[in-house]
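Structures incoming, each one as structure tokens.
In the two complexes below, chain A is the common chain; its partner is chain B in one and chain C in the other.
Presenting the complex of A and B:
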């Protein structure tokens, strides 16, 4: 007999306000249908009524776990519309901040994912504490802890503070040790491995067909990373390889994210070594003239959760129309095809491994 | 309600003991039962605080600090707050069954503790087959959870009830088999007899495999992580407690720690020599061992990931059952045969 249960929108592990209607036969999942839209704020429409640099604040609230990356992609779209080049040093600083943001975001994911498979908040607390160190660095750079609004057209609101690189190297060294510890802790736990290995398998073909991006796609053995395949800023100068695993299960996605954190640490260190002297400041907001061309711009970035496309039809002063391809929206859409045939408890493990943020899904 | 459960359990135990002819005076037994209940409630309360603080330490937090010295009154504050909440019964629930099950479970757990002696001097109920009685009654707990989950009319609770039955069939047989080997080794199912047989060597040293199987099965019995699938909070919200409102939830919290006390007490009696220990009074040793075992269970809670229920079934039949049989055979060959 198939039972229909309603999970959410208020539920301990739906990461916000996701509602799922699950049809369960005994302990086997027949179908799961995500219902979204509880956090819809109409941001894409909202920015049409704002001048260009009034909108980054709205953009950041889309993905409240990695706000800086949305800030950056929006500003990059505006820069492209206005035809402004980013300063050399600002490129380095942006890369460093984005990678730090990626580490912070993945750390939060690690904690919540462990919670979803029934860890009693231990991993969550440890990861939060470590994430706080990264947030402190971002705070030094931008002046805010959560919503940075750090990017300006052509550069940043301010340059990196003095002593930033030493402190960053110190924090990164500590994080490397911690990540190693977390890996040991989780991968030597047979129950955790059992919960994740072979669960929620997404084949290579299925991943491409569903349009998955980011760690979820790379966990299925597709080596697609916007940073490598369509490089922006200084990623083509840096020495790195997109991490991938071929199994396509939850454990592969977990491994990809862990490896990405290590890769990001390496990237930040390398960028800090090669950072040129000079000016990183962007245009002051009040000095921006209504000088954008009326054209269609499309910017693609590798966000911590996958590829984001910002498609903008520009007007001189404000976006005429803005459309966002939110990575978690597409990844969440794959949920109902992945969970078929899994156990009830696996719904939450798979959801945790997809790493959704409802602000980004609902926009 | 708490007092009610205590009194019902005490009344049961005094009647039972009178009927079985092991106790002389019903009033004595009653007083003993109430005293033990107070001890258990004190343990529940203090251990609730210890658990909060220990998990906080593991998670690099402070834990409760604000109410009382080192936050020791925080649980009392929570308790009072829960009691002040509204009590409601869901419309779909089978009201009588839904309301009776949690007090019944608490009474049953207390009753089981009354059957266990605390020191050679304090043996109110020295029943010949005491250990068997305890385990027969213990296996009723999952069934009561099942009826509570089904009667609440909530789908999450119903799933939890199904899981309860699956868990019951996965660990109950290994548990009884280990108990059988303990009985064979001690040549007695009398609790004082089992403890007496351990005056030289603790059973944990004589049959380590049996201890591991028993400990794992007891974790499942006590609903502690990694086997807390019944109230899996990240999946089933609160499992069979989802629709239980505040006053009964308070009782369920007491029940949780009472069951933990019971489980640790059983492990201490069966494997760690019960009240055997040098110098200090026997009851102190028994309580110390119980406390240390409970403490270990809390550390397990803070570090493991929840198992999946079908995996537990597999684990029970593929690992626990053969291991418990192996333990029985090895014990027989080495120490008895």
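Presenting the complex of A and C:
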């Protein structure tokens, strides 16, 4: 007999306001229907009424776990519409900050995901403590702890502070040791491995058909990473390989994110070694009102949660239309296809491994 | 590339057989005199993108569904239906995607009255 149960919209394991209606037969999931829209703020409409540089604050609130990445992609779209080149030093600084943001975002995911699968609060506390070290670096660079808004057209609001590189290297060295410790803690833990290995398998074909993106796609053996395949800033100069696993289960997605964190640490170190001297400052928006020609621009970036794409029809003063391809939106859309036939408790393991942020899903 | 609405399904299937099997995004733009629906497809093995653009009349706004060939089209189409009131022919949508949205207006169309009172859906 099929029982229908309601989960959420306010539930500790749904990572925000997500409601799921699950049809279960005994303990086997027949269907899960995610209901979204509780956090819908109509950002795509809102930016049509604002001048170009008033919008980064809205963009940052989309993915509040990795705000800098959204800030950067929006500014990059405006730059492309205006035809402005980014200064060379600014490219390095942006890459460093973006990779630090990726580490911070993955650390938050690791902590909350471990909560979902029964590693109550040990990982959570560790990860939050370590994430704070990264946030402190970002705070040094931008002046704000969470919502930075430090991208400006052509560069940044300020250059890196003196001594930033030494402090970053120190934090990254510490994080390397910590990530090793996390791996030991989780992968030698039979409960965690049982909850994750072989659960929620997405085959390569299925991942492509469902349009999955980011670490979820790479966990299924497709090595598509915008940083490698459509490189921006200095990624083509860096020694970078996208991480992938072929198993396609929750454990593979977990491994991909762990490897990505290590890769990001390496990328930041390499970028810090090669960073050129010079000017990284962008336009001061108080003095210049940005204006662009009417054209269509399309910018694609690899965010911590997957590929984000901004399709902008620009007007002189404000975007005529901004369409955002949110990475978690499409990953969440695939949930009902992935969970079919799983156990009820696995819904949360799979949801945790998809790494959703409801602000990004609903927009 | 611009194509006619009647040829959309055929063209999408042809591209899929050429390896463009990854649907990146379906979106729409309201140019007031017409609506443009944009389909972005990707060939993952050759790393190539292809865009299909379909112009539809705002008074008779509908497009055929791609859900049989591209499963990823599901939520994009539902989102487009709610935000642009572009009807998706060939599939059933038993409920609205966004919760508490009444689904009566088309907020992303340019003629949307955004300062009028809003009636909550169920």
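By definition in this document, the second predicted complex is superposed on the first by the 359 of 363 C-alpha atoms of A that agree within 3 Å, B and C clash if a C-alpha of one lies under 4 Å from a C-alpha of the other, contacts with A are read in each partner's own complex, and residues count from 1 in each chain.
Just so it is clear, a contact is a pair of C-beta atoms (placed from the backbone, for glycine too) under 8 Å apart; a residue touches a chain by one contact, two chains touch by 3 or more.
Note that this is a predicted model, so its numbers are computed, not measured.
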item: Touched partner set for A:129, first chain B, second chain C, both or neither; value: first
item: Which superposed partner A:148 touches (first chain B, second chain C, both, neither); value: neither
item: Which of chain B and chain C A:209 touches, first, second, both or neither; value: second
item: First, second, both or neither for A:345, with chain B first and chain C second; value: first
item: First (chain B), second (chain C), both or neither touched by A:254; value: neither
item: A:325 touches, of chain B and chain C: first, second, both or neither?; value: second
item: Chain B versus chain C as contact partner of A:11, first or second or both or neither; value: first
item: First, second, both or neither for A:362, with chain B first and chain C second; value: second
item: Which of chain B and chain C A:233 touches, first, second, both or neither; value: neither
item: Residues of chain A at both interfaces, chain B in one complex, chain C in the other; value: none
item: Sites on chain B touched by chain A in the complex; value: 55, 58-61, 155-156, 158-159, 162, 225-226, 228-229, 232-235, 237, 301-311
item: Residues of chain A touching chain C in the complex; value: 9, 19, 35-38, 40, 42, 44-45, 208-211, 222, 224, 229-230, 307, 309, 311, 313, 320-321, 323, 325, 329-330, 333-334, 337, 362
item: Footprint of chain B on chain A - complex, ascending; value: 3, 5-6, 11-13, 24, 26-27, 114-122, 124-126, 129, 189, 191-192, 194-195, 343-348
item: Of chain C, residues touching chain A in the complex; value: 21-25, 27-30, 38, 40, 44, 47, 70-72, 74-76, 83, 96-101, 107-108, 112, 114
